[in-house]
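Notes follow once the structure below has been shown.
All chains are identified by letter, namely A, B, C, D, E and F, in their written order; residue positions are counted from 1 within each chain.
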Amino acid sequence: MSTISPPHNPESNPRIKKIFDDIRNTRGSDFINNLWYYLAFDVDLLENTWRDVKSVMAKPSHLDPMTKELIYAAVSIANSCEYCIHSHTAAARAKGMNDKQYAEFLSIVSLAGRTNHLLNSIKVPVDPEFNFENKDN
Amino acid sequence: MSTISPPHNPESNPRIKKIFDDIRNTRGSDFINNLWYYLAFDVDLLENTWRDVKSVMAKPSHLDPMTKELIYAAVSIANSCEYCIHSHTAAARAKGMNDKQYAEFLSIVSLAGRTNHLLNSIKVPVDPEFNFENKDN
Amino acid sequence: MSTISPPHNPESNPRIKKIFDDIRNTRGSDFINNLWYYLAFDVDLLENTWRDVKSVMAKPSHLDPMTKELIYAAVSIANSCEYCIHSHTAAARAKGMNDKQYAEFLSIVSLAGRTNHLLNSIKVPVDPEFNFENKDN
Amino acid sequence: MSTISPPHNPESNPRIKKIFDDIRNTRGSDFINNLWYYLAFDVDLLENTWRDVKSVMAKPSHLDPMTKELIYAAVSIANSCEYCIHSHTAAARAKGMNDKQYAEFLSIVSLAGRTNHLLNSIKVPVDPEFNFENKDN
Amino acid sequence: MSTISPPHNPESNPRIKKIFDDIRNTRGSDFINNLWYYLAFDVDLLENTWRDVKSVMAKPSHLDPMTKELIYAAVSIANSCEYCIHSHTAAARAKGMNDKQYAEFLSIVSLAGRTNHLLNSIKVPVDPEFNFENKDN
Amino acid sequence: MSTISPPHNPESNPRIKKIFDDIRNTRGSDFINNLWYYLAFDVDLLENTWRDVKSVMAKPSHLDPMTKELIYAAVSIANSCEYCIHSHTAAARAKGMNDKQYAEFLSIVSLAGRTNHLLNSIKVPVDPEFNFENKDN
């Protein structure tokens, strides 16, 4: 159950068709996931969201593609975003993640959950050694 | 301001000294960060927490060390754990992260924050293509 | 699947009937949403929750009704409360929100998600210009 | 740094004085913590908040006082509410919590953080055995 | 829909069988909930998770069993972990929680949600009276 | 303490100067808040973040400026983003919010925190009346 109704035949709108074509070309695949069909209820929102996803996830990068998906999934887990967890876990698999790596990812995410709660409880002062502000660039 | 008072001279307790020595040896460094001094108020809690951190972060691994710190930091950001953000961002730098990689990490984390909120708002149904349950192992 | 079982024939209990009648009168509608049927498992909890919702959402106000629902929905999105997201998005529509306004609401909520994560990452010091404490009232 | 400025001499306002007196009488103590001084910037908000805190935390109860504070602190930790963590940890101590109990509380809170993240990652289906809905009351 | 596929006949693996037997013996019940079947996709993750749950929830304790489940459930609610909410609410019932206690638990959890948001909004300075750091142990 | 070091004399970089000039022109003010000075450590990140903030917050709109800031602040409160809470509360004041409106905003945000936690606890099924999916557009 969604809070919006995706438009029928979204690609009859030329602005939407252009964005969907760019999604297909950028990803080298005909598959367009539900997110984009639903966002098509407002073309500006669709356009801005795709522009941002494309500029971060599909550009030449200083991190490898699987790592980027794991970072994305890690944030999504902590934010309880069910759709994002499924889409970025699937994307990490598509970019080479095997079961051993996924199990290790899960062990890191759950350890972080553990120590985040521990430190949010006891409020340990941050060590000055961790400070990078005002260091020479 | 912390909710607990770290013990004076924690290493006068032999169980604590043993754990602190293991932290030093495992990390190859004399630096012990505040977390462990504070946790020393209860030796069982200290011991269990270190055992878990060591088993996840210091064992032979299917992911590279910098990636592991970035996943840890990503969860900590979404959970607003100030101490954890500082310690794992510093650890990622210590394991080779440069400014370009950090800026890209920030762009992924903030994009995830954006789409997590968007999808938690509109509740798009998860595509069946993302389902890995009941696939052959 | 809920953690409680709503009572059968809740309005056979006169305290519950009185509250349900007040909900109908306050809202000018016969529709009572599931929340109140489930809370009826404990009359004190039902009574306190309705008293609070009524005093905040149904009283003479310094903000317009649609704005109040949007603020409510924004918090609910960030907290991943599925029921609240649906009920307050529907309430905002009932109070006049059109699709253009909803799309703009979504763009603000998702931008906030983006910059919240960015600033929780880098921990920028708060500008003194934002301080209202100790200003003359 | 707060977003509001607490009023000078709040008890010169008779409505505020009455609420502050009720706080003192209910708690059997002259100490009024900062929260109430700041909320006094708006008497309605002060009055509603105190009414709710009093009705939940100070009434005859089916749970013991220390347990109630621990539940309150647990939620506050997961929500990263620094003030609430400090005030309810202090309240739990005032109601008898010793260091051993606090260490055990921390181990439960951090274990919950761990498994919450694990299960939010892998999305295990809820066992039907956990369902209490539609059971006979 | 889960991100992993639980193995068929997990107990044909002797390490898994040993862990499942320990779960049954520790709990005095033949029922093994879905979490463990899914975690069995990676034996190390299964083993570490059970070791931690057992050491915190099943050991001799300074808090009573129902209180421990309520603390666990409180964190899980704030983290929106659906599986954990159902499993630990059911566990609290199994350890004696009645409907009156559950309603009171809900009133505390929701009051905490209320004041957490209020204090995260206005950022009241923490009273020095709440400080336990550097007190004599 | 920040995780990055803002550059000295950022406006000696012509790309940064152009962005800072656009911030000043768009807002009609010489004041540039700390966020932008810190983001200047990476010009791409600065440019993308400002482009997005400008396109959402400074464009012709279907919602009034104060409402937009209140929605932004509401999300920031639920996400515990201290910087964002201060900057958007200050912005709401700058756009006309008075103390009575702020107190009402706080009462809505904290009521949402209350019912979000209540409904995340008991998992009430969403009423079909709230469904807008597949309605005629």
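To be clear about the criterion, a residue touches a chain if its C-beta (ideal position, glycine included) is under 8 Å from a C-beta of that chain, and two chains touch if they have at least 3 such contacts.
Remember, it's a predicted structure, so these values are computed and weren't measured experimentally.
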Selected interface, A-C versus B-C, where C-beta contact pairs are more numerous: B-C
Distance between chain centroids, defined by C-alpha means - chain A, chain D (Å): 34
With chain centres taken as the means of their Cα atoms, state the distance from chain A to chain F in Å. 20
Chain centre separation in whole Å, for chain F relative to chain D (CA means): 28
Chain D: positions in contact with at least two other chains: 1-4, 41, 48-49, 52, 75, 77-82, 85-86, 89, 99-100, 106-107, 109-118, 120-123, 126, 130-132, 137
Among line, ring, star, complete and other, which best matches the way these chains touch? complete
Could you please specify the touching residues of chain B with respect to chain E in the complex? 1-7, 41, 48, 52, 55, 126, 130-137
Under the touch definition given earlier, write down the residues of chain C that touch chain B in their complex. 73, 77-78, 80, 82, 85-86, 89, 106, 109-118, 120-123
Along chain A, where are the residues that touch chain C in the complex? 1, 3-4, 41-42, 44-45, 48-49, 75, 79-81
For chain D, which residues are in contact with chain E within the complex? 1-4, 31, 33-35, 38-39, 49, 52-53, 56-57, 61-63, 67-68, 70-72, 74-84, 86-90, 93, 98-101, 104-105, 107-109, 111-127, 129-132, 137
Given the complex, residues on chain A that touch chain E span 80, 85-86, 89, 99-100, 102-103, 106-107, 110, 117
